[in-house]
Amino acid sequence: MTSSFTSTYDVVAEAQAAGYFPPRHTVEVTDVRELADHVVRLTFRDPFIASHAKPAQFVNLFTHDDFMLMPRPFGVSEVEDDEVSVIFAVIGHGTEQLAELEAGDGVDVLGPLGRGFDLKQDANYILVGGGLGVPPLIYAAQKLAENDASFATAVFGYRDEHFAEEYVSRYADWSWSIDNAEGNVVDLLNRLEQGDALKAFDRKPIILSCGPLPMMKAVAEWAAERDIPAQLSMEQRMGCGYGTCVLCTVDTVDGRLKVCSDGPVFTREQLGWGE
Amino acid sequence: MTSSFTSTYDVVAEAQAAGYFPPRHTVEVTDVRELADHVVRLTFRDPFIASHAKPAQFVNLFTHDDFMLMPRPFGVSEVEDDEVSVIFAVIGHGTEQLAELEAGDGVDVLGPLGRGFDLKQDANYILVGGGLGVPPLIYAAQKLAENDASFATAVFGYRDEHFAEEYVSRYADWSWSIDNAEGNVVDLLNRLEQGDALKAFDRKPIILSCGPLPMMKAVAEWAAERDIPAQLSMEQRMGCGYGTCVLCTVDTVDGRLKVCSDGPVFTREQLGWGE
Amino acid sequence: MCANRNVNDRHINIYEAHEWKHPTKVAGIEWKNPVGTASGTFQYAAVRWFYDVSQLGAVGTKGCSPVPWEGNPGPRTAEGPASNLNAVGLQNPGVDHYLAHDLPALKQAGALVVANVAGHCDDDYMQVVAKLADSDADMLEINVSCPNVTHGGMSVGTDPVALAALMDKLRPMTDKPMVVKLTPNVTDITVPARAAVEHGADALSMINTVLGMRLDIRTGEPIIANKTGGVSGPAVLPIGIAAVYRTRTALPEIPIIGIGGIDSGEKALEYLYAGANAVEVGAAALFDPVAPLRIARELDDLLDSRPELAAKLAAGKTWR
Amino acid sequence: MCANRNVNDRHINIYEAHEWKHPTKVAGIEWKNPVGTASGTFQYAAVRWFYDVSQLGAVGTKGCSPVPWEGNPGPRTAEGPASNLNAVGLQNPGVDHYLAHDLPALKQAGALVVANVAGHCDDDYMQVVAKLADSDADMLEINVSCPNVTHGGMSVGTDPVALAALMDKLRPMTDKPMVVKLTPNVTDITVPARAAVEHGADALSMINTVLGMRLDIRTGEPIIANKTGGVSGPAVLPIGIAAVYRTRTALPEIPIIGIGGIDSGEKALEYLYAGANAVEVGAAALFDPVAPLRIARELDDLLDSRPELAAKLAAGKTWR
């Protein structure tokens, strides 16, 4: 009662009927599974998000703990009918509590939020993911799989366990992964290029990337050297996730922009990386 | 995790084994029922409290809401084997949440706390309760029922619905109740006296009372005029409930005393009422 | 786990047309209800997707400076128990942009606008007020209370002499109602409050954020790049209530806009009882975009059973 | 509903014998661990039933005045979101009672005692310090930060000149380590902090409670008889962390006891990273009597993986 947010099940319908975007509301958790140590995949039923989310868009999840009122943003990792999945690492108390949810529980969400990847061109998309940057790229692969004219090559770097292989293999045309002990994604990109795989494609590739900052910078440089377009999905601590507080800024060549609503996807040119 | 209070099920055993009083711990709710509009009886399983609680002692219950960290104190209203009941009015957000508990849920408790009624003498105890002061007197009746040499006469004043009749009738030797529309407990006491009921008892009566301040003052005066001993159970907003914060004081002839640990039971002489 | 922990039992369909029953008046300006948005937690471009902002009592807009400001580097936010911390450092596109875009869009949408004025020095404030003086803004809110800038902001709001000097410069520049927004990071908020009122403030708003900080125990380092930030959200409620009550007691006549930790109609009502003529909702809108409108609707219902308070509000009179 | 919402997963049996691994040193006095109780939230007569108080780093006792004080009338407390408010007004049985009963009992039990000194005027403080000077108390904590008394208390802690004058009187009276307890209800806590240190404080403790208030919307009236109270508990954590961090930055050498909102070993650790040499736990003990000991045990484990910090603490050196 104290933090009485709008969260009845029909608030989404009410908002839509009135022509508005749904506010925060409660949805049903339908599945929770551990993919690896401290990595969890959580699925909830939300027809609105399921039908609107684009790859690299994210959802705010909220804990049931009044000590933790702030949103926990997670990239959508898959959509199946009216169910939406996210994959997240348990890194703090918020993700700890979300990981304890069980099918049948309610969870509060707001979304989908942000500007996703631009997948309009038919192209050979190389999805370069690192760690918990992998989930949004799975969704990119899923969406690309719907377009026969595009090709999705996944190049993923994990810290240790390769937690998302089961999911990416469902959608990507081709996928390759590596973990910290074996090397990094730039090594993979190089081997991909040396193996003439890139040249074999009939279209110029486009890189979509999400992962730790140093990795994305290296990927942007690798792309810049080859004059390959790169769309990079950024992360920043957020206040609202929908563009109202200016708390989530990232420095770009156009000044400080909001990750949540100007992004999370920015081009390497916007970020001034690899120039 | 944020408010990680000691609340595993075996903490009571650990504390007792080490010779200490159990700290706050989680117990299982076994029954919740609505006795009247906004009046709820909640039962939980706690062998320690069940075997130690004395009438007018209370337990701190805690909500699961981090906005509401403070204890909610309630007088024990009944003990059945290892189950303890309280009866409370829903007056704010804390009691609202407690009223939503269901059998099988966990709830955090600390207790039993405070100094209860002194029932050592064999006597004719007149239990004078008003509103939500009734519950501790039910427990007094229950305890007195175990002593054949004492007699328990219950005189209860309700605001409207007579919510506790079912329970008091189990234990009291004689009971009578009234609601605001009909009159007040002092009227009942007068009628009791006029009906020669008091004189009929072989021992001088002792009044135990709990209820709103004006009622208890009136009862204390009535008792003083007749030179009848009166033990009055007081209420005050509490910080800790166990005597560590001095937040729960009441003015007595001995200065400001703590309701939670010097009381909640005080004699009318201590309170300086009816003198 | 707790399913539906946050379900709002008193369900209100905020999208249904609503006749506001209980208006208020702040410094002569009528608000259709006593609930506005707090500066810095409302961007029209973001909020308009969620609800009709003309339904709010007022819209408080982001602090506006004479030229565009970049604000502080990120991360700019951290979480506290029942609170959030921010160190935006007043990033905004400047008053010209505000006059060209934000303000016209809001007025077009039918909102009553409280324009928040920021500055690093008196001259900054003067430049902004000069440009807003003939604008469509309904009220000006002078922000002398931001804890996240090194010059101006809180350094003025904590110094009654500097505040008086600033007000002496700004007051003659406009007839628009001028609200001075105060910081709780002082020993006695009634001192700057009195200085503001004696030097021309038509109303006061309080509180801005409370100075705070979090460290990441995984690294031992501050979470916010600027190190400290301003605490807002439910945790600061009792601090805001005390500020309003004490100010109301010291200055019985001045209109006050109560701010800090409001996330329900009940808490808004508590501010009114403390002496506020209206309230603004900040952090709650970060956690749910529609919070300000929901709170306005909850309060409108709560006032039904408080006719004496409602009548005072409508007449622009103060309570207590 | 949320069964076991509060279950402590990292279960620690606090009743088992424990070898403390990470001591600290405050103003030359070794504490067996960095966690003590905050003044006003510990009464030996109440706490001894719950655990062995000698296991704490230190026991901070209730503010002690020259003669018995009655404190404020009730109600003295209200609740805030993630906080509690108190307006005890320093009720205590006086220093003679303290010396005759509380202190001997605590020393007998093996506790390290930080005796909190209260006063309405300099002379009050002097009388108490005079009596404690030759006592068994291990450290004295001068409380110039209580928001709930009209004279003394916070009025000294918010005025660096008055604080310096008081310290000049107290300092020569005893060789015992003297801790000055500061209030966050100031614009810049480093100002009184510096005054205290320059006039003889051996250590600082912070924060005391934050001025706040609640009203009952059922009546529209203040809940606490004294109207305002002091906010403590989780909600004030970021305010306390900022106070310690800023003071540590301004005064790199002075030992600091961090207080405010600590309810877990993690939050205690955050204070140590902010620059505290030790911490004290207040309100958390109201919600669970054994909280201070549990927190001490949690912190002891957390320090295992932080040898550099642990070593500095043990040596009485400051972090940052």
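Per-chain numbering from 1; labels A, B, C and D assigned in written order.
We adopt the following convention: contacts are C-beta pairs under 8 Å (C-beta built on N, C-alpha and C of every residue); 3 or more make two chains touch, one makes a residue touch a chain.
Only a predicted model underlies this, so the values are computations on that prediction, with no experimental measurement involved.
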Query: Computing the C-alpha centre of each chain, which chain sits at the greatest distance from chain D?
result: A
Field: Between chain C and chain B, distance of the C-alpha-averaged centres to the nearest whole Å
entry: 45
Query: Per the centroid of Cα atoms for each chain, what is the distance between chain C and chain D, given in Å?
result: 34
- prompt: Can you list the chain A residues in contact with two or more other chains?
  reply: 1-3, 64, 66-68, 97
Query: What are the residue numbers in chain D that touch two or more other chains?
result: 1-2, 5, 78, 81-83, 234
- prompt: Draw the chains as dots and join the ones that touch; what shape do you get: line, ring, star, complete or other?
  reply: complete
Parts of chain A lying in touch with chain C, wherever the complex brings them together: 1-8, 14-15, 17-18, 20-21, 23-24, 26, 62, 64, 66-71, 97, 100-102, 104-106, 108, 110, 236-240, 242-251, 255-256, 261
Field: Residue numbers on chain C that touch chain B, as the complex places them
entry: 2, 81-82, 234
Statement: chain A contacts chain D in the complex at 2, 64, 66-67
Query: For the complex, which residues does chain B have touching chain A?
result: 1-3, 65-68, 93, 96-97
Statement: The residues of chain C that touch chain D in their complex are 1-2, 5, 78, 80-83, 85, 158, 185-187, 210-215, 217, 220-222, 227-229, 231, 234-239, 241-242, 245-246, 261, 266, 269-270, 273-274, 302, 306, 309
